[in-house]
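Following: one structure in structure tokens, then a few remarks.
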Amino acid sequence: MTMAKIESKGEKATRQGFADAIMELGRENPNVVVLGADVSPSVKVDAFAKTYPDRFFSVGIAEADMMCIAAGLSLVGKIPFASAYGEFAAGRPFDQIRQSLAYSKAPVKICASHCGITVGPDGATHQSLEDIALMRVLPHMTVICPGDYLETKRAVKASVSITHGPVYIRYFRDNSPMFTDELTAFEIGKANALIDGNDVSIIACGLQVWEAIKAAEVLHSEGISARVINMHTVKPLDKETIVKAAKETGAIVTAEDHQIHGGLGSAVAECLAQAYPTPQEFVAVNDTFGESGKGTELMEKYGIDRGSIVQAAKRVLKRKK
Amino acid sequence: MASSNPHKLNAGDLKEMARQIRRDIIKMLMISQSGHSGGPLGLAEIFSCLYCRILNYDPKNPTWPGRDYFFLSAGHLAPVWYAALARGGFFPVKELSTLRQINTRLQGHPAPGYTHGLPGIEIASGSLGQGMSIAVGTALGLRMDKKPNHVFVLHGDGELDEGQVWEGIMTAGHYSLDNLTAIVDRNFCQIDNRTDKVMELEPLADKWRAFRWNVLECDGHDVEDFLGAVDKAKNFKGKPTVIIAKTFMGNGVSFMQDDYRWHGVPPSIEQGKQALSELAPTKFGDFNRFEWEALQAMGAQDE
Amino acid sequence: MTMAKIESKGEKATRQGFADAIMELGRENPNVVVLGADVSPSVKVDAFAKTYPDRFFSVGIAEADMMCIAAGLSLVGKIPFASAYGEFAAGRPFDQIRQSLAYSKAPVKICASHCGITVGPDGATHQSLEDIALMRVLPHMTVICPGDYLETKRAVKASVSITHGPVYIRYFRDNSPMFTDELTAFEIGKANALIDGNDVSIIACGLQVWEAIKAAEVLHSEGISARVINMHTVKPLDKETIVKAAKETGAIVTAEDHQIHGGLGSAVAECLAQAYPTPQEFVAVNDTFGESGKGTELMEKYGIDRGSIVQAAKRVLKRKK
Amino acid sequence: MASSNPHKLNAGDLKEMARQIRRDIIKMLMISQSGHSGGPLGLAEIFSCLYCRILNYDPKNPTWPGRDYFFLSAGHLAPVWYAALARGGFFPVKELSTLRQINTRLQGHPAPGYTHGLPGIEIASGSLGQGMSIAVGTALGLRMDKKPNHVFVLHGDGELDEGQVWEGIMTAGHYSLDNLTAIVDRNFCQIDNRTDKVMELEPLADKWRAFRWNVLECDGHDVEDFLGAVDKAKNFKGKPTVIIAKTFMGNGVSFMQDDYRWHGVPPSIEQGKQALSELAPTKFGDFNRFEWEALQAMGAQDE
């Protein structure tokens, strides 16, 4: 049994992918505007603000205001990117996103940095673990959670083509391995099978894609052939790829830096319950708030690292018929 | 098309149009038997002025780039807006009889044409408190493009309890958005009670001033007074302007006047007939499509 | 084949059950306080406000403020009931609920009236179709969606016993059939099998419980034995009852007045994917916003009425192995 | 136990304690290498006064019903609160060295003891803008029970951009909550820039007045001035009082002073040593548990 090994080409933060994308977009399209709610250096909109001061709007610490201002800008042909930390991008202005963006089909890009428990030392209040659930339940919404720097950059750039409603793009604070390149396929709504396998399928998004790759290597070394699927788009969900994986491998592990309820795992379970019921194990934060600590420490403690994926794969294999 | 309002009624006609809008509201609500009477009736003069004199728009081309932008932040006031939009020419007046019915465009709270709503509506409202921020965004975008279009946003007074409104007000003040005019429907009423009982707003003008706005006050039932205020607002430079318009909830209908209990209740058929008898017919004419059948049907049910 | 027939003992609104419960609680416990955000007559806190003016707090139209005021009241031993429409009880103050109630374990009761598409003529902005998803993803939260007037009353009264975190109680505007009585079992976290059956299980909450009862009658008349389970508590989820139903009937239909994503159906799918993968059909609003109309018209148009449940049961039976 | 503060330091000692708190903050952040320096340093005098003179509490019985309630709405200011709580006696001073580390109680943003946080903390904060409303709830509850306990809430100035704060402010004014005192850390700085660049707040005192509050202003680095303001606030009847305390971000450390770029950054080991050299040791003594090993370890990594 052999397995194509996926290498990391160094580390870079996914939020830097966002930063680089808006700089390119700013150059390409004079209608691109960026909104900041007083976290500019953290979410990396400061370079844009400096280069395009007339197209950057500081709204103060007022995320509800920001989302609706973005909607108002979209009404006069602007392409607004509203930036914040995950919790303050999704949870704080939920009702505003619902009415003024989703229901109103406003083509606003919600750019959520610092998502997940891996944001680390800031602790539970800043660890956005519910945002996939909140955003994917909204009609007209697109939800993307890219896996590395470049994929984030490509997702942000591609989001401009979505004009029938808002897009929520979820990414992370810390540096993480770069495993995609310009040749890797990337299409919103189309999952990528990164590693082929037929014993079990690991469906992951965000930082857990790399963890899944590493877990697959461990599993492979123990004689288990694990497929790894990068489900960067959580909505619209690539059901075809999921059902195919279920049929071909008969066992599913989902992995995400999110609560166990309502997120990617939940989306996959909904899909399979309707199409092809399959044993599934959830690698996710188990219905608890986080705490302060380093991102890597928390990934381990809260069971969303490669080791947890390996264990989950072994559990689900036992349940496979 | 040059910047203009397609109707440009004079003051006398604006008053008559206000009465017609009141008649339209009563009829809409008699038919729907669901929706808000009080607030909309109190805004008849303001909407008559906006749609038949002040706002620049082209009803045949609702997304004409030269238009002024009007946002109804307090979406429950939809009936008066629908009447004004219909009278303004955005859709047939007879369509007013479809309010709140399934498979129609006159949603309980406003929805834009590109969802399943109406032309002339830019964005959805209904969840209170969001319109100021939207108006700020549009005003910023217009200013960025050096466009002359003016932006209006209308708030209920109770709606000002919502913190997001103050975020938007603060942002508009910060950016000195003088292409933005806010109108507050100061009827001193909200759902539970009068505003001072539910949540005191006074000194209201001081609040806006402390948030860096130019403040005007006017009688919202006096067409000339309101037109004058809008004129001043549009010409004021360096700050956004708010017009605090004193109105009476339910204005024009004796038994509804200044009574917060009429906030969200439609008139019964009997009450509707009584209201219509207090509001003389106008030269603009009532809508008459499904109306009488519907009234008949409900009148029968009522008994 | 015979079937125990469940009768309606007349109609009453679930929100009236809330109203009657807080009146009783107000009498029994001087620490019970009620908060209103300017929708008192609609959500029926006006009687409490009149009878106990010193224990009713009007906060104006300010739902975020209300949730945190409730938390503050709970810190000095009060038992706060915060009342609003569903969308403004869950979506508008989400981040406040998350930090000041759920993470802080504040024993506040969030009382959400006018939920679901059945709120009718007000239209999409007022039709809370995402609130189950939002609330159940929060750790420390209890989520209850009772089926009729009396069950709502009992749920509200029972919520006082939950002191380790907030409780979200979801109910409806319109009158609906009363099918429970004082003898019906009611325990938070414990589902009720109302009708026994072995071909398919219908798991429902809220108004869809009655629709499920009626659907079961239709199915029964066509020779299909449908179990009906009233899953009034969505969190904590009664997994035991769900797995038992899956094992014994092999086919599941979930029914709710909520979006198809993230709600009760999603919770059941998550449970079964981990415990006993089973074909499931979702009766729910299919990822779209609602519109104005009568509650009953909308139930039919958006596919969450008894007829839709019957169809779903037949579909899932075809998928059963 | 009668209503009282367990320390009751005199003005001279309060100043010395403020310096000690600054030393504690620097050391905590040198060890954690994550967290907020600027805001906390600017609040050393205020927290010294609160915990060593003003607030009534019993550190051995943190939920003593006679206590005053203190809420830190701007949770990122945690380091100064933790130092003051430790110095006040709620937990061992040496525990300050555990800031932001996994499996410890000094969370990056405050969490109460009944979650995984600290005694002396009533409720979580970190997401800005929620503390005023919480304080209003507690003040309402205390007033309902005719209790004399006073409620304090502290806000950052940038935090006042959040609309929810104005909801709470409006509610407190509406209910004339004179058992509530708000303190605004007016350092004119927030993350992105100075407050007037990010979102203009002036005229700030007018805003609060227009929301029905009694407004006091003071020098937040002058212990006597602040104590006097709190005294006036507690004795003012019929309205809640806000104390707008002028402070400097990073106060006490020359290279941090009044520089918004120090909002959320910890000092490096070198910078920390420099800062400590500017802040003379005090009679209260530094914490010394894991400290020097940790510094050593990091110093080594740094090179």
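Which chain is which? They are A, B, C and D, in the order written, and residues in each are numbered from 1.
The rule we apply is simple: a contact is a pair of C-beta atoms (placed from the backbone, for glycine too) under 8 Å apart; a residue touches a chain by one contact, two chains touch by 3 or more.
Computed from a predicted structure; not experimentally measured.
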item: If a chain touches subunit B and subunit C alike, it appears here; value: A, D
item: Most distant chain from subunit C by Cα centroid; value: D
item: Separation of mean Cα positions, subunit D and subunit B [Å, integer]; value: 45
item: Whole-Å gap between the CA centroids of subunit C and subunit D; value: 41
item: Whole-Å gap separating subunit A and subunit D, where each centre is the average of the chain's CA atoms; value: 35
item: Where subunit B touches two or more other chains at once, by residue number; value: 111, 115, 124-127, 161-164, 167, 170-171, 174, 199
item: Multi-partner residues of subunit A (at least 2 other chains); value: 59-60, 62, 64-65, 87-88, 92, 95, 98-99, 103, 124-125, 289
item: Arrangement of touching chains [line / ring / star / complete / other]; value: complete
item: Interfacial residue positions of subunit D with respect to subunit B in the complex; value: 161-167, 170-171, 173-174, 199-201, 203, 206-207, 209-212
item: In the complex, subunit C residues that touch subunit B; value: 36, 38-42, 46, 58-62, 64-65, 87-88, 92, 120-126, 289, 291-294, 297-298, 301
item: Touch list for subunit A against partner subunit C, complex; value: 87-88, 91-92, 94-95, 98-99, 102-103, 124-125, 130, 133-134, 136-140, 252, 259-263, 265-270, 272-274, 277-282, 287-289
item: Interfacial residue positions of subunit D with respect to subunit C in the complex; value: 69, 111-112, 114-115, 122-127, 130-142, 144-145, 147, 163-164, 167-168, 170-171, 174
item: Residues on subunit C engaged by subunit D in the complex (per definition of touch); value: 33, 54-55, 57, 59-60, 62, 64-78, 80, 95-96, 98-100, 103-106
